[in-house]
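What follows is one structure encoded as structure tokens, with my remarks underneath.
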Amino acid sequence: MLKKIAVLLLLIFLTSSLAGCWNRKEITDMAIVLGTGVDWTAEGRLRLTVQIAEPGAFAGEEAAGRGEEATNWVVSAEGKTIEEAARNLAPKVPRNIFWDHCMILVIGEEMARKGTNLVTNFFLRSREPREIMWVLVAKGEAKDFLETYSDLEKTSAQAANLLTRMRTGYSVQLWELAEMLAGKGVQPVVTRVEVKEAGVTPGPGQEMKPPVHKQVEISGVGVFKEEKLIGWLDDYETRALLWLKGEPMEGVITVPDPGEPDKEVSITIRRGSTKVVPEYDGKNLRFAVKVKMEGDMVEQQSRENLAKPEMIKVLEKEMAEEIKKRAFITLEKAQKEYGVDIFGFGDAFHRKYKKAWRELKNRWDTEFAEAEVIIEAEAYVREIGLLSKRAGTPEE
Amino acid sequence: MEKFRKPTRTGVPGGIFARDYNDSLKNLVLSQDLEANLQQIKAILDKCSDVIYREFVFAQNEEIRLALIYIEGLADPGQISDQIIRALSLEVPMAVPGQEITKARALEFIKQRGLCIHQLKETYKLQDIIHAILSGDTVLLVDGHAVALVNGARGWEARPLSDSETEPTVRGPRESFAETLRVNTALIRRKIKSPNLKIEALRLGEVSDTDVALVYIEGIVNEKLVTEVKSRLEKINIDAILESGYIEELIEDNPWSLFPTVNHTGKPDRLAAMLLEGRVAILVDGTPVALTVPNLFVEYLQAPEDYYQRFLFASAVRLIRFASMIISLMLPSLYIAVLSFHHELLPTPLLLGMAARREVVPFPVFFEVLITEIAFEVLREAGNHLPRPIGQGISIGAALVLGVVAVQAGFIAASTVIVVVFAGIASLVFANSAGMAFRLLRFALMVLSGTLGLVGMISGAAFIAIHMCTLRSFGVPYLSPLAPIASTDLADVVSRAPWWAMLSRPRLMTGQNQQRQGRGLKPTSPEKTSKGRR
Amino acid sequence: MLEKGKINSLQAILLMISMILPTAVLSVPAITVKSARQDAWLSIIVATVVGLLIAWLVVTLSLRFPGKTLFEYVEEILGKIPGKIVSFFYIWWFLHMNALVIREYGVFLATAIMPDTPISVFHIVVVVVAAYAVRNGLEVLSRANQLLIPTTVLLATVFILSTGNMKLSRMLPVIDTGLLPIIKGAAAPASWLGEIVTFAMIIPYLNRPREAHRVAALSVLLVSFFLTASILEALLIFGPNLTGAWIFPVFNAVRLISVDNSLGRLEIIIVLAWVLGGFFKVGVFYYAAVLGSAQWLELKDYRPLVLPVGIILVALSILIHEGIVDLFDFLARVWPPYALIVFEAGIPLVLLLVALVRGKGGRKNA
């Protein structure tokens, strides 16, 4: 027994020392990728850009004294496939590239027009990159986007991560994109990002205004037909896209004041729901879309006392009209200009008419472009904040 | 004095040193001649300078010669001079003035009226006499009688009862066992005043001839268990039993396992509770702890204090103890696995922060943790053996200085120190013997997780779990009532059930009489409190 | 008797769950969803009925021969030589199935967690741990299983955490493509549930054999419940198209979880639960193969066979398939008919019929 145990221990020890390096990676040997981007170069090759964290900048208090140290390092390489490009990165990066913490995948505009499937397959198939990274389409090149930095966050990848996570616009994760691409009932839309001049960073005792540098910004979505980018929707239209898709509803609706029409009233949307009812008689395709929304009045420019039931009723009516108007603009654009079903009406149709779907699914986008859509909106104003009427209104 | 049962010897070839000597004594008996008897005893106890032979004569009849034999230091000199020598050589005439006592009547008279000693026994066997002397009894030989009177005038310098240092409690009795067997049995008897509390005596160890007591409660204990314990004890054939640990290793079910299958406690209240659950205790003279069998693993998660504190709090503490068990076993290996295999598990900011701090550390995580662990164990062992005040100072100083300087020098990362020390402290939550098993297994798991990451660690953990399932302690599965599940007993394992809900004793242990208390003891409204628990 | 231990009904149920579930959760969803799409849960219901029938068949057969395992009563029913031949095939089947399980285990760990480690390492680790349990007998195997099965609770937590990504509408429309794909999709889960045949090796060691019917049925139902839950988890998140595209959909579903945006990437938890389950899944089939071989060779003790059978298992699991594509193709197309028709339903049914005709066994002692 003693011998057996001794032999076993020896075996364990030997194997462990022999095989110590199978998958073991020390943190100090890793290049932690925070964000990545892919561009289509003029020569027709893929260019992979990675933003790698400089660990020194993240050390907390110890690093406080280090001051202006770069927080990241952006490096690119080209190749016929993503993997090939990644291999070509290896000679430039002295550590193992580690994808697990990559937060964003930026696809350059040219690349997106060429086809996202050239990009997404690698990131879905490999073990390290996560399916939950945010996918963004850059207006311009993805490389430029990654090369900017943010003033509040340390890197542009972190900034973009936070921006998309807050769902300031329409945000989509890699797996959601894959799901939209896999079915025929909906065409993908992807968050658009731009690099624009934002605020400045004034420092104490600075005589001159520091130079303004460019920062990341979310601006609407890119519209895709299958995997290819065909156009854009701006922020205003994106909001309506969210309403029609029935995504978590947020945003502000500004309507004229019921009392003084030249002044405005703003209502933030708290919650809402969307119901799409397809109707099909074998020839004519019709959708009845019902949007229901609840919001709080947050700002009022006029002196009118709106805290009265009849005024609220008027507000609600105006709000519903505004919702309808904006939804129609977006719908028109999708149907007439781009001719793609980005709202998922196809899925709703499939759920109701499963036999007809089998016929229509292969020419769904043309069917959708010609379909009649009726939009109904219901709106409710629930809260009015802490004021009943505008403060400083003289007594009558 | 109770009858000692000499254990039967089963064939050990080659003979232990004391065996021949004991066998040679076996058939010797006393003669009627005092001189001859004394000679014989002196021959046996030759060169034992601590043996005192005191010869004197009976007060009323100087022909009656008497001899006292005892060991200096073990027998109480005050009692001997006052109650024996003074009584027999001076005071007898006062008791029976004018009466002549013949040599023939002497023994009977001394037994009945002469001695003022509380405990008296007669024997004619030389073997018993020698044993009595060596145990601290005083032997009185009377000329003309082939019988010795064994006086229980024991009294030696012993450590007084003190607070338990190994199992301290905040609430509950503080007393703990001492080194003297009789004191310990008395402590138990004080807790359980029932004729069913049986204290059987045995003598083990051929040379040391140690008194051992087998304690159990008849009617609660499983009879088969008592028989089994007895038969295992009787098989012991060793020269000396100096501590209960000797017995523990000689009777346990799984000698190769790291896990102890015999529990021990130094507190009479805890022992009483264990006896009441149907366990058998083994007390050894000279050892301030009692062994208890059968031992279940969950005992290490239970503390006596749990049962004195309010049950909800005690249940919460149980959870903490359970968590500490897992932490002490797995935390270092989890740390190794995460830092060298599964970096994705760390939140991004934490990973970046750790990466920054580790930039300067020269070793792979595995070696770093290993070095720190070994350093921690060294400090701990050193602290155990130094005199208490110095030990504490040194270990604190060394730990602080070593830790801080090592981190500042970039020798090890601060997070490693945190992990190792936390795991080390967590293992202290345990009763010591199970904690030791986990301390060793922690290293095994570290090697596994350094090889295969979490897969290795979890394989090791499964192996440990399977191993624990194979263990039995005196026929009771070690992991019961967790595996196999005994649902009624679980209430006192994962939580501490309130007393009014603990209706039965552990099922697997007790043979009979499983009912612990009456039903309906839960206190209710004020007018019914008279029915509530006392 | 070769095995002296006895286990109770609860332990038997938990053992059967561990025997079927671990690989079922990872391999079945993709196979079933590929053919039945969003109606995969209906496939599981169909498979459950098949599983229950097999369970009834096996238990009924075994209870005619109380105290005897499959290998012992086969000879009684068919006679010595034919009996030996049939039991030899069963030994092969247990070994083959186990080799597949071990391979799935290795392939999963290699693709999902540690691609640089040779899969034979994982095979050896799992076989060593299972061998240790098997060597210590059925009691230890089932007790350790009982101790570690609460890790399944972890799977449930994971399910709850991922509800945020789920959309019920992804299950609609019901019966989209007709009944045939549903039946087709049921083949794989049915062959997994049919593994309950192995229960025939354990029935003699139940402390209350009378409850065997209930034990088998409950095991099948509980496994189908967990299987349905895991299929729905993947389906409600990814929809039928993407679920069919993943190799381990449940694993990918777990990869999406992110608690409070900081604690994410929890898939290692499901891997750990699966690794633990894998030990017992491999352990049960290992035990069946070892006990069966001992009875086939008419040995007095099965323990000398543990080591050789373990070596065979490791070798077989490495040699049996070339790669993951080969393995999953086999599991999806060849395995269901091979296991279901021959070993899980076919032979037991023939045995029962022959026993009835020849009047072998009976309820005298039951």
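The letters A, B and C name the chains in turn, as written, and every chain counts its residues from 1.
Rule of thumb we're sticking to: a residue touches a chain if its C-beta (ideal position, glycine included) is under 8 Å from a C-beta of that chain, and two chains touch if they have at least 3 such contacts.
Note that the structure is a prediction, hence the values are computed from the model and not measured.
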item	value
Per-chain Cα centre nearest the global Cα centre, belonging to chain	C
Identity of the chain that, by mean CA position, is farthest from chain A	B
Chain A and chain C, separation of their C-alpha mean positions in angstrom	42
Approximate Å spacing (C-alpha centroids) for the pair chain A, chain B	67
Inter-centroid spacing, chain C versus chain B (mean Cα positions, whole Å)	48
Residue numbers of chain B (touch at least two other chains)	341, 344, 348-349, 452-453
Residues within chain C bordering two or more other chains	113-114, 117, 121, 264-265
Sites on chain A at which at least two other chains make contact	19, 22-23, 100, 130
Residues of chain A that touch chain C when the two form their complex	19, 22-23, 100, 127, 130-132, 165, 173, 175, 178-179, 182-183, 347, 350-352, 354
Residue ranges of chain C touching chain A (in the complex, touch as defined)	111-118, 121, 169, 172-173, 176, 238-239, 241-242, 245, 252, 255-256, 258, 261, 264-265
Interface residues, chain B side, partner chain A - complex	256, 339-341, 343-344, 348-349, 351-359, 361, 364-366, 444, 447-448, 450-453
List of chain B residues in touch with chain C within their complex	341-342, 344-345, 347-349, 452-456, 458-459, 462-463, 465-467, 469-470, 477, 479, 482-485
Touching residues on chain C, where the partner in the complex is chain B	8, 10-11, 109, 113-114, 117, 121-122, 125-126, 129, 132-133, 136, 140, 143-144, 146-148, 262-266, 268, 271-272, 275-276, 279
